[in-house]
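In the two assemblies presented below, chain A is common to both, partnered first by chain B and then by chain C.
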Partner chain A sequence: MLKLTRRTFLKASAGTTAAAVAAPSMLRAMEADLGGRDIDPVSLIERKSIPTNCHVCNIQDGALAFVENGRVVKLEGNPEHVSTRGRLCAKGNAGMWYSYDPDRILYPLKRVGKRGEGKWKRISWDEAYNEIAARLDDVLTNGHPNEIMLKWGRNRTGGVLERFMHTLGSATILNHTSVCESSKKIGMEPTWGPDIEMPDFANTKYVLNFGSNVLEAAYFHNPFSQRVTEGRVDSNMKIVTFDVRLSNTAGFSDEWIPVYPGTDGAVALALGHVILRENLQDSDFIENWTNVSVQELKDHYKQFTPEWAAKLSGVPVETIERIAREFATTKPATTYTYRGPAKHMYGSYNEKACMMLPIMTGNIEKRGGYCLPRGMGYDQPQPQPPKPATPSYLAHPDEYPLAGHKVSHLVPFWITEGKQKIKVYFSYQDNPVYTNPGADAVWGELFRNEELIPFYVCLSPFMGEEAQLADIILPDVPYLERWEPESMPSSLWPWLAIRQPVIKPLGEGKETRVYLQELIHKLDPDGSRGMKKFWGFKSAEDYLRKQFENIPGLKEAGGLDFLKKHGVWPIYGKLNPRTGKISDKSGREIAAEYGLYRKELSAADMAGAMVDGKGAIHKNGKVIGVQRKGRNYVGFPTHDRLINVRVDQWAEYGFNPMPTFKRMPWHENMKDDEMILTTFKLNVHKQSRTAAVKWLAEISHANPAWLGTETAAKLGIKTGDLIRIESGVGHIVTKALVTEGIHPKVIAVSTAHGHWGYGRLAQLKLKEAAGQYGAADDPDLKNVWWDDKGVHPNHIIPAVADPIGGSQGWYDTVVKVSKAQPGDKYGDMVADWNKHVQWYKEGMRYTYVGDMHRKMHPEMASWAGPDSVKHKATGGH
Partner chain B sequence: MTQELLMSSTETRGRPGVRRYAMVIDVRRCIGCMACQVACKAEYDVPLGVFRTWVPYRVTGKYPTVKKQFLPRLCNHCDDPPCVRACPVEATYKLEDGGFVLQHYDRCIGCKACMASCPYNARFMLPEHRTYTDITKVVDKCTFCYHRVIQGLVPACVQTCVGRSRIFGDINDPNSEVSQLVARHATQVLRPEQGTKPHVFYIGADRSLTDYGRAVYHKDEQADIERAAFNRNKHI
Partner chain C sequence: MSDLFTIPLEIVRQEAVAPAACTAEEYAARAHYYRLLAGAFIEEPGRDYLAALRTPESLEALAELGVTFDNDFIDPTPDELQETLACEYTVLFASSGGFPPVESVRLKGGFQQDPCFAAREFYAKEGFSVGAGRFQVFDDQLGVELQFIAALMDRIVIAMQRGDNQEQRRLEKSVKRFWAQHLGRWVRGYAALVERAASHSFYRETAMLLDAFAAFELELLGLDVTDEDQGRMELPPLAGADEPMRCGA
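Right after this comes the complex of A and B.
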């Protein structure tokens, strides 16, 4: 038992006291270190520290893991990491519970009952490999490699999954981006190149935030939140948030402006209208760095009056005019967006409309402005398998030629329609049965159908809703037990990092790059199939070492060995305990580089180049830069090195190439008793995987539906009342939370709750025995005091896609809300596959080949129709 | 006035030669991310149902003019701590150098007198089950991360604070950041009328939050539902 006495304190702190006495004239106090070490509070022994990279969610913060007696007991941010600066969010702090989940799967499992019956047999890795290899062998011998499908939710393997699929020759690689943020990406990419912006929050004076809940989730929650608070308090920045709901970000903002769902784009266009009408734009920037003229822009924006936007959005005309003037006359200023504008039927248009504001005010790539993302890459070891020869319909559906990040959430309908046959299905960190629109009513329906999915291999350490429907489960390992490369554009300074095993894989768990190599070796033991040569790695570490072997700068610093020691590269400076910022040797905060598009081309770059009348610098059949006032600039990473306000490629498919807004047709004639259902993420949860993390579940375990005070009074509903939410595809029965913080026409239900899989804690089935699949129990779970696990809303959300970006319209669902009816039980989730199919078909009518496309685009009357374009394969990942 | 100048024998604020640690919580910078609360759980293997630090919130105003505010809470490490006076067995004590209010787990008899005397509800009884720590069924509380501070580290909640809302240091040192923040800003403490001389100072704390958990103006019905569940199922 620990005894804390005054003597031990003085003894332990003698060192610091002496230092303070020795330097009495210091103007600055001896501030304590902001981290990097941790000590056991009972034994006072220093815990072992290992740098790694967080992967609870996809923000990818630098982390330190503290290990004691072979157990990860504490996680904190890596103080050497330029984005993270030593801090982690609540989720990152709780990440060890991915490893120590008492319901984790620690050996391979084979289904013995019917699919989904929950009967499993423990098998050896070798048995698992034999079964899977036999299935793959059958496809490769008797079928087509594209009949092997792999869909990931979160792929941070650094190319391992792509290598596996390409080795098999299959192009049927699906992701989860369409349920995430893909229309944001598609709104941005053709315009300026990258798929995300880097707002310089710390140095800005004004932020217009459209539907991003950056203080709870979004890219890049932790690093950006640090800078938002800095800007707000230290730099007197103003932040204005447009959202249908009072998120923590909206609640923190100087102004929360509620908008009617999906109309952010209309507000953004009207803001642009006022800016251009009052001549507050940056004409020099528009003329020199975009592909339109100021006059063209003014003419185009005339139609988007504040009166028009006010009618759609409910934001008063005066507010729109005031915010427009504030934004345009405060420098520097930036916008920031996330899913609010993007996750609608025409989300790509919305994103584009928002992005136009920093462009027309010339805030691009300025200190305190709207900057390009800063990224870094790593290598793929040679030799690499070639890209598959035959494209996959599911990966690149003909109806969505512009959706470069795929339309994965519509795949169940396409498989059912027979668009592509699947014989072996792999899932990796992907739980569409829970996370996708339709949830079990769509994906559960697919996986339970053994004719459509004859063999399903789930690569996961958790018995999630998807794993419950698998035939074989391979016990992949959580992030603290694996080798992976990492990089994210999460600050103004680019970085490379690694995940390294902080503890050895528990039980028989294996990491992805290990078991996929073993599986390929089983399939091609002697190399005669030409597969083995791509998988000659001595170990997972060896594979990773090859990914970092030839990176200039890092190579000289020590390559992987440097990363094993520090976790991240480069190290830009030291975390200053006085400021919480990274300081250089002089003690000043490190300086960022701005104006990336104004980098000048070298003489070598210009050798053999030709400059045309518009200043475009051509070389080898490509535009490599832009000449302005005699100087040769690199410009933006687009085909003509300019910001494409007019996206000509969109016009080829009959979409409006200029900034525009389209309202969801089914929002046009809503009845009085109809509302719009929206979902959201909370500060302590990601989508499907954190409900089993006890410290996070303790903070948030249930998800009552938010209803506005006025709306609730009209319906006679009080907080805690049982309510029924009914959409066109089904209904759920949940509880109400009456609040002032929501638009009166919106009902909001957070995701992350209401599991019917994912272990005992997520389902609150704690009376069942722990360690069903080999994991150790956590005695603390005896202290669970909550008895409400929430209700999942995705069953009743139809799957529709943005005809441009392919993104799920999460926030478009029209619902009726009423008090629960006789017979309704809390937790009821009723949805119908056939109704989901009807909605999917309705959504397809808006694609460029659909009958509604022209009706939605009267301004594109001169478009020659779908037959005038040839399907072009798109990129994306 | 003279009462103000009188210093009780336990008070160390302003006493030369000793440190008096304090925390400043700048509510303007708190984003309610809960990182502090979870970091604390990890640092001490804090069981479910009890907290050394916690972050309540209030939603205030009428639609559409609505705000959401957070108030991180923890032991105030009072300069004149009532819990020390209330403890019949001297299990609770205050360190002269540093001002930490701490707990001798092996002396604690679990009588809860300290819990009853604390105006901040900062103390709790440890349940029987914990993940890996064997100190159970005695009273526990925030220690200002004494074990980290004596080795030159800030407390775990300060370490991970995303908005840099929590600042920690020696308020007896006029050059420390906490001293300067307190000198430059209007600060608030919780329940000053109790005479406890709390050493957690808030910047920008709103009355709807500082009125100590009683949602006088803005009743939080959801919190009542959670509280009822806790009382229904608690294990301590």
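Right after this comes the complex of A and C.
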């Protein structure tokens, strides 16, 4: 008979732990439920749940809106969404306050005073269309459609803005990407095809994180945060973060290594040096799947010694050596980067240097490794307007031929220089007067100048620093009131989704695709100008139906009707809310697909194909794959289907085609009292449109400047002291936050605060004349207990661009920090247009046609000069 | 919890008090004032409305009440006045940084909150719905709420003419309840805010009239409703409010 003693009982317990853990559990804590239902706590009536997609920031999380008595009362994550798995961040939870914002613009407004004077007249949509159409007509009649410019900040319209501009025949389409992540994209695209990576955090063992605050703010914050946590808990993952600041991600990491700003690339190259020197690379992968040999790589990396990198970055030699060995010998491993390496004048080089680490260690497209992004596309309603015949200088400036994502933040200087004339300017969800370098001193200066911008139409539901300078404001609607298609490569499981109206537009707000259609119809009422045919849809919903009606798989599932019901269509199976995994119909987990580049071409693909001596498979004038060991693989989405460690196109313009590092010229000889200013985002704010959201404003409403303890002691500064931060273009006066959590040569100021034209809560006009809402019944607005709205740093950050990727060098600004001077007062933001112009001109010297280009690239001495290449249109979006 | 439960008990008690008796003529006159005031706030004043208001008889009648417009209302041509007031209306009521005449905004801090739906429900029970004028309006917009009371008073007059006492009493109770649940809670404080913030005498004087009329009506209805809108008490001076918003020292 079985007999348990205390000793055998405990021993058996220890020995059977794994089995106990693996046994299926049916009992669950209710708070672990992913949600999906919500009950009114008073009436106990279940609230109506409508699936949609969040659009507070650009991660595009799946969301559910709970509607009660016609009002959105709560938002939460959509438990069917395979990437975001029932979770929304703080910003997403607060999203409904956009719709109900008392400062929201609900009617078309026409300026009646001077620009920026704040005097408006409410006009009807028809009056607005007539005014705008007359201006457009004038430009079109004169035959210069490129004089119509549209610049967007956040465009999730699914092609509507491009359709509008192409209908008008204008190529002057600008975006915000150069202030966002363009040099990350340009560092990656020519190397392996896509513009972003998909680290398999959940299954990795080791992460080298360069300058990404993924647990708070980076692409794709919500889904990636979940996987980072899974990796830590389920895979015992180690994470090492290089960052100038102890972000919450750095704090979560096993190691935070403060690195001198802009030198991540040097560290990455030195890590590569150690890996190659010690023969820790994956030679098979390099030889088969890149366009260089192991020996070429070893020879090239010899120059990047740990001693060299240590001197530049401040990271000790032994740390570099140790981490290189750890990274190369721990499998699987991945890197992840965001703005830290990329937002510098040579950010593209930095990004490339970082991505070389998973490439040389063969961690590409492996479980737990550095994977290609998985996205899905959708259709465009037919017919589509043709692309404009004449290129736009502003959209593709000659000096930046490689910047496929544009260099939009330099546009004010180019318009001022007369490089391209603009007669009608549209902005869409874009507030460059706040978000761009130079802020009001640059973009405000442009918009106030009616000679340079004779007519400015702002498409926005909110007043902002940009909108207040417009001639006409058209009341677009916030995201809970609109139709839009969505797809983001935010996990290893691709998905398609929609944003659908959960309430009707308030006031006379209209969706983008609706009012642009009406405007085009105004311009071309009878179709004789050939415009109307591109805008033949019956409604915004009808437009989306056309975008989704022919997607294989989705079509059979019900197309748009499926999406209206579920919000999201995952291509594989569906999310099991019990496990958070993707399951098939029988409940079994569907594993993510890895090794996409090793997919074999079919016999049909190979029919008529030819394989050259290097294994490249050619068909119809294109390389469609790579043959290796007798097998025909699809390879990587590059021109030769290989990872291009050597980017020949860069060499054409005198840039180093191999991984390299260039130090910021103005960081070379910094004086002892000079520091580098960097900015960052907080987890409850995006760039320019959250400071007036009451829940988020209460959590974070001010942004003191982070300053190192040692540095502050030298300057005699304590936490709370008023300080002056002075750059080459101006100064701000703010408060200090003294902390150990920052590199001693860095001062860091978060963005999102310090508004002067957006929302009374963001400006704290609640406490000023005519700024009050009564809001007697609102416990939040009755309790605005803070009186500090923060100070915006962008005024004093000069506009400089990466000569390759076009990125703004956000983290390059040299400043002097001192105690506030007599006469300084908190919130001073003083900047000078002429000084900004000088800095812009200085930056242009580093372009491939500039006089500093050769000096920065002595290794490219054999380059034949700018006249040897012709400007070519580049890709990107 | 609905707004009904937030009404002070004193008001509910006063529901039992019989309203001051009014004649049909008086109800018609009160409805007239509601409409007059609604015309100022529901949207930009129209040409006909302004022309009627600027007749000597009208100005004289208003002056007797203490409403005296400045020359900015008297002197301009009809077109000029309409244009000026359209701009003033937009800045005060229909663009960012202003103070929309909307109960949800005043009491809840956002558009289309509970008062909007409660007002809509109230209208529906009486057989009304809100359409659009030149522009879409919220159900709890000041002008709409005033027009609703005017419409109820029209019906009271009809009921009185028919001798339908029961319907008259029911409608009078509805008027009283709507004031207790909606207008009474915000309109006086809001009127004081407009009076102080307006730069044109038209809005200053009509806001003053609204404030006085609201007090008059509450007294007539026998209601003692607390003005929850804080505009009356806390409005600071308006220095610099119309200066362009600029950054920098």
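Here, the second predicted complex is superposed on the first by the 810 of 877 C-alpha atoms of A that agree within 3 Å, B and C clash if a C-alpha of one lies under 4 Å from a C-alpha of the other, contacts with A are read in each partner's own complex, and residues count from 1 in each chain.
The rule is simple: a residue touches a chain if its C-beta (ideal position, glycine included) is under 8 Å from a C-beta of that chain, and two chains touch if they have at least 3 such contacts.
Since this is a predicted model, take the numbers as computed values, not measurements.
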Requested in this report: Check the residue A:694 against both partner chains and state whether it touches chain B (first), chain C (second), both, or neither.
Outcome: both
Requested in this report: Tell me which partner A:826 touches in the superposition: chain B (first), chain C (second), both or neither.
Outcome: neither
Requested in this report: Answer with first, second, both or neither: which of chain B and chain C does A:795 touch in the superposed model?
Outcome: second
**Report entry** First, second, both or neither for A:308, with chain B first and chain C second
**Finding:** neither
Query raised in the report: So, does A:103 touch the first partner chain B, the second partner chain C, both, or neither?
Result: second
Query raised in the report: With the two structures laid over each other on chain A, which partner does A:507 touch: chain B (first), chain C (second), both, or neither?
Result: second
Report task. Once the structures are superposed on A, label A:741 by its partner contacts, choosing first (chain B), second (chain C), both or neither. Result -> first
Query raised in the report: Who does A:760 touch here: chain B (first), chain C (second), both, or neither?
Result: second
Requested in this report: Examine A:393 and indicate which partner it touches, taking first as chain B and second as chain C; both and neither are also allowed.
Outcome: neither
Report summary line: The chain contacting more residues of chain A, comparing chain B with chain C, is B
**Report entry** Touching both chain B and chain C, residues of chain A
**Finding:** 42, 71, 694, 778, 780-781
Report summary line: Per the touch rule, the chain C residues reaching chain A in their complex are 1, 6, 44, 83, 86-87, 89-91, 94-100, 104-114, 117, 134-136, 138, 186, 189-190, 193, 197, 228-231, 234-242, 244-249
Report task. Using the touch rule from the top, collect the residues of chain B that touch chain A in their complex. Result -> 26, 28-29, 31-35, 37-39, 41-45, 47-49, 59, 61-64, 66-69, 95-98, 102, 104-106, 127-133, 135, 143, 145-154, 156, 158-165, 168-170, 173, 175-177, 179, 221-222, 225-226, 229-230, 232-236
Requested in this report: Give every residue of chain A touching chain B within the complex, in rising order.
Outcome: 1-4, 6, 9-10, 12-13, 15-16, 26-29, 31-35, 37-42, 44, 46, 71, 73-77, 86-94, 96, 215-216, 221-222, 225-226, 228-230, 232-233, 246, 248-252, 256-258, 577-578, 580, 683-684, 694-696, 698-699, 704, 708-710, 718-720, 737-742, 744, 778-788
Report summary line: Counting only contacts in the complex, chain A reaches chain C at residues 42, 69-71, 97, 99-107, 109, 112, 114, 116-122, 124, 439-440, 444, 462-463, 465, 468, 503, 506-508, 694, 756-757, 759-760, 765, 768-778, 780-781, 792, 795, 825, 828-831
